[in-house]
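Dropping the structures in below, format is structure tokens.
Each of the next two complexes has chain A plus one other chain: chain B in the first, chain C in the second.
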Partner chain A sequence: MELEQLQKTAAEVADREDVKYVIGWKKGSYGYRVAPGFIEDAAGAAELIFSPLCTANLATYLTLVEKLPVPRGQEADDRKVAVMVKGCDSRAVAQLLVEKGIGREEVVVIGCPCPGVVDPELLAEKYPETEETVEIKWTEDGFLLVRGEEEIEISRDELLAEKCRLCRYPNPVISDVMLGEPVETRELVEDEGVAEIENRDVDERAAYWEEQFAKCVRCYSCRNVCPLCYCQDCILDRLNPTWVNRAVNFSENTAFNIARAFHLAGRCIECGECERVCPANIPLGRLNRKLAREVRDKYGFEPGVDPEAEPFQASFKPDDPEDFIL
Partner chain B sequence: MSAMLLKKEKWPEFVEKLAGKKLWAPGADGDAMRFAPVTEGETPALDFNNTRVPPKEALFPQTETMYRFQLGAEEMEEPQLEDETVLLGVRPCDARAMTIVEKLFRWDIDDPYYVKRRELVTVVGLACSDPGLNCFCTSVGGGPASTEGLDLLMVDLGDNYLLEALTEKGETLLESAGDLLEKADSDAVKEKEKLVLEAEKKIKREVKTEGVPEGLPGLWEDPLWQNVSASCLGCGTCTYLCPTCHCFDIQDETEGFESRRCRMWDSCMFGEYTLHTSGHNPRPTRRERTRNRISHKYSYYVDKFDVIACVGCGRCINLCPVNIDIVEILKKVEEAL
Partner chain C sequence: MSATFEPNIVAFLCNWCSYAGADLAGTSRERYPANLQIIRVMCSGRVNPLYVMNALQQGADGVLVSGCHPGDCHYMEGNYYARRRLGMLKDLMEFIGVDPRRFHMSWVSASEGHKWKEVVEKTVEDAREAGPFEGFRRRQIDW
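Then we have the complex of A and B:
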């Protein structure tokens, strides 16, 4: 996809009278960082980019807006919000539509076919971050890192994010405007990360997760970044009754992480944002993908693929074998 | 006491001499570093940049039991804090943060938990020879070898550590190491000075603070707050991992008849932080919360305690999921003033 086309489209959409702003990716403040950009007019669109560093799932901002009460005599601003989405991100939009978390008329979806993003931590580990912003481009079979005069070719396998290795929906499943040509869709591959944990015996698995959850500082960045964790009244914030104590210890941390994983079963669209933002590096992607796999294998359901689907956790089939009921 | 030298191969013996005290040092926490109690026989490694979670948790635990009680009974039991603790390898910025936070905990009344822990702790610092990408301590009154808040400063000179006692606690600690140490000659001291200068030069990021504390309240309605907070997720990463953030909540936790009152870290970036019982929230959106986070550090705290409540450790920049960068925010503040 050409940058020019992306910026031109964003400018056109931002200038539409029925659009409040376009949410896209822009260059961050240093190194490999990319920041979400909120573009209100055509001029702002020149800031936008699309590169292998655009890991953030911007669909989360669709439900993150804190609406203040409208003062008497004024009208609510109910213009649409336009959002740029990669394949995985578009699944979040589709799932939000399924759950009626947002209405189709509230959003303009700008689809960006995605050849796969880099794993930011792996990137910084192999090619240390510098204070200047660095550009990375897609090439035929990998990435090109441009640092000043220097250009470094990097193979796809070396830096591709784990979620992208497993991705089967690199092209947006829903869009109003599609940018560029679709990219090649990949086959379902074995999820080695999940299999590796599944292959351990139960004590080892328990010990593994105990160690992981013990690191959690309960900053809730995983919950807040998640496009599908959008309950206005989250059980974690409840004090009466207190479902999960605020205390940070293994027991409460486990309750929190497992509650979140269960609430996402059949809803998680595997964008990997929870794992990317976790300051404690807890492999939350594996946890959520395990449950996604259970739902897919046992019920043949995959969330965020069809915006017309019945929500998995809220639908009932009369011919359900119910063989889990003793 | 003058500066002393400790050969690096004697570091494990030095740590052994501290037996009997509770030791905290940076250790591997998965693939990141975090301060944790040192287990017996373990020698903490000091080759780290900085921990993700600041050592503030040694003095201000994320969850602190204030007292335990039984439902229906009148007695309560207070945990006793009496372990002498040594914090090893604290970066100068994090030690400075302790002195800043202490001003609040020693304000109107002494906070018994913080003050007691502070009295029981000896802070052994480790000067930075290779500051991180987002370090800006030199802009806010610190430096790679700042001694504020430290009892003892260690400087890595390659084959040796240079040790300088800064307080009585520090001297006692050096005395206990006894014959492991040699007197440092003037060359070693010169080498240290050279190293510190080099480290200072490596710090690339900078904030200008002139006029900021006085000017920030005047920017209350400035559009900059909407701009810088638009992408904020409202998570607690920046505050929980900040060495000077010190807000807490107090809650009772009950299991069966066993109860405890505890206080735990809270974050001004959470919506519920200022939510009133009536349902009203004076900081209803992330715009007001971001404005408060910056204003508290760079204006309100200065007004009250005459010091900026930011030590330039760069953690909030490094770990923000959406690249909200306090250096950039302060640039915008400066432009708006």
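Then we have the complex of A and C:
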């Protein structure tokens, strides 16, 4: 996709009467950083970029907006919010529509077909960050890293994020404006991370997750960044009843992680943001993908694909599997 | 584990079928293990999956959820929701290393006193085999 086309489209959308602002990606403070940009007019659109570094799922910002009561005598600002989405992010928008977290009339979706983003940690590990201007582009079969004068060809497999390796929806599932040509869809591949844990026996699995959950510092970043964790009254913040104590210990950490993963069962759209922001590097993606796979295989349901679908946990089929029932 | 280990089981029974079924087991003088702490809920659909997690945290060695047979729910469809949610929870628990023998779900109607006995025997036997739950139990428990 050409950058000019993206900026031109964003400028057009931002200038529309019924659009409050456009949420897109812009260059961050230094190095590989990419920040969300909130563009209110056509002039601001020149900041926007779309590169393999744009890992963030901007659909989060749709539900993060605080809705203040409208003062008497004033009219509510019911203009739309435009958001730029990759394939996975568009599923978050679709899932929000399913759950009526947002209304279709509140949002303009700008779809960006995405050939796959890089894993920021892997990138920083292999090609240390510098203060000079760095740019990454997509090439035919990989990435091109431009650092000052230097140009480095990187193969796709070397840096591709795990979620993109497993991605089956690189093209946005819903969009009002589509940028560029759709990219090639890939086949469903086996999820090695999940399979590796499944192949262990119960005690080994318990030991593995004990090690992982013990690292959790309960910053709740995973919840805050998740586009689908938007309850106003989250059970984790609630004191009466106290579902999860605030103590940071293995028991409560596990309870928290079970609650978080379970609340995303049949809703998680596998954008991998929770795992990316986790300061303790807990493989939350594996938990989510395991549940997503069970939902897909056993119940034939996939979240965030059809905006008209019924929410998974608030619906049922009479012939749901019940082989676990005594 | 020694053969004398007696597991603590928390059982969530729906008011309309399983609780009445357990009652019938009592009035028909069925003998079954006394390891159960029964909690009556109005419907198995009322059982939040986090109850199961919380029971394990607070010292249960096993959890049983029992409701009406599909199609017989007093509230028409509550047990269908329960089946979907708790089925997912069982998969999740298994994945994070909780022995699958610790969590069971069953359909027991008000006339199935004998089936209730069998369900309890199976649940207690499984939990006994799995041993005391040490996983993510809270370390300080004073009851």
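The criterion applied here is as follows: the second predicted complex is superposed on the first by the 317 of 326 C-alpha atoms of A that agree within 3 Å, B and C clash if a C-alpha of one lies under 4 Å from a C-alpha of the other, contacts with A are read in each partner's own complex, and residues count from 1 in each chain.
Keep this in mind: a contact is a pair of C-beta atoms (placed from the backbone, for glycine too) under 8 Å apart; a residue touches a chain by one contact, two chains touch by 3 or more.
Because the structure is predicted, anything quoted here is derived from the model rather than measured.
With chain A as the common reference for superposition, the partners chain B and chain C occupy compatible, non-clashing space. Between the C-alpha centres of chain B and chain C, as viewed from that of chain A, the superposed structures give an angle of 90°, to the nearest 10.
Once chain A of one complex is fitted onto chain A of the other, the partner contacts of A:Asn249 extend to both chain B and chain C. When both complexes are overlaid on chain A, the residue A:Gly148 reaches neither chain B nor chain C. By the touch criterion defined above, A:Glu294 lies against chain C but remains apart from chain B after alignment on the C-alpha atoms of chain A.
Within the superposed three-chain model, A:Thr60 lies in touch with chain B and out of touch with chain C [touch as defined at top]. Legend: residue contacts after superposition of the two complexes on their common chain; A:Gly73 is shown touching neither chain B nor chain C. When the two structures are aligned on their common chain, the gap between the nearest CA atoms of chain B and chain C comes to 5 Å. On chain A, the patch touched by chain B and the patch touched by chain C overlap at residues 249.
Contact residues on chain A toward chain C in their complex (touch as defined above): 197-198, 202-210, 213, 235, 243, 249-252, 254-255, 257-259, 261-262, 265-266, 287, 290-291, 294-295, 298-299, 312-314, 316-318, 320-322, 324-326.
Residues 28-31, 33-38, 56, 60-61, 64, 66, 68, 129-131, 211-212, 215, 217-221, 223-225, 237, 239, 242, 245-249, 273, 276-277, 279-282 of chain A are the ones that touch chain B when the two sit in their complex. Interface residues of chain B facing chain A in the complex, by the touch rule stated above, are 29-32, 34, 52-53, 62-63, 133-134, 204-205, 230-231, 233-237, 240-241, 249, 251, 253, 262, 264-265, 267, 270-272, 284-286, 317, 319, 321-325, 327-328. Of all residues in chain C, only 49-50, 53-54, 57, 70-71, 77, 80-81, 83-85, 87-100, 104-107, 119, 122-123, 135-139 touch chain A in the complex they form.
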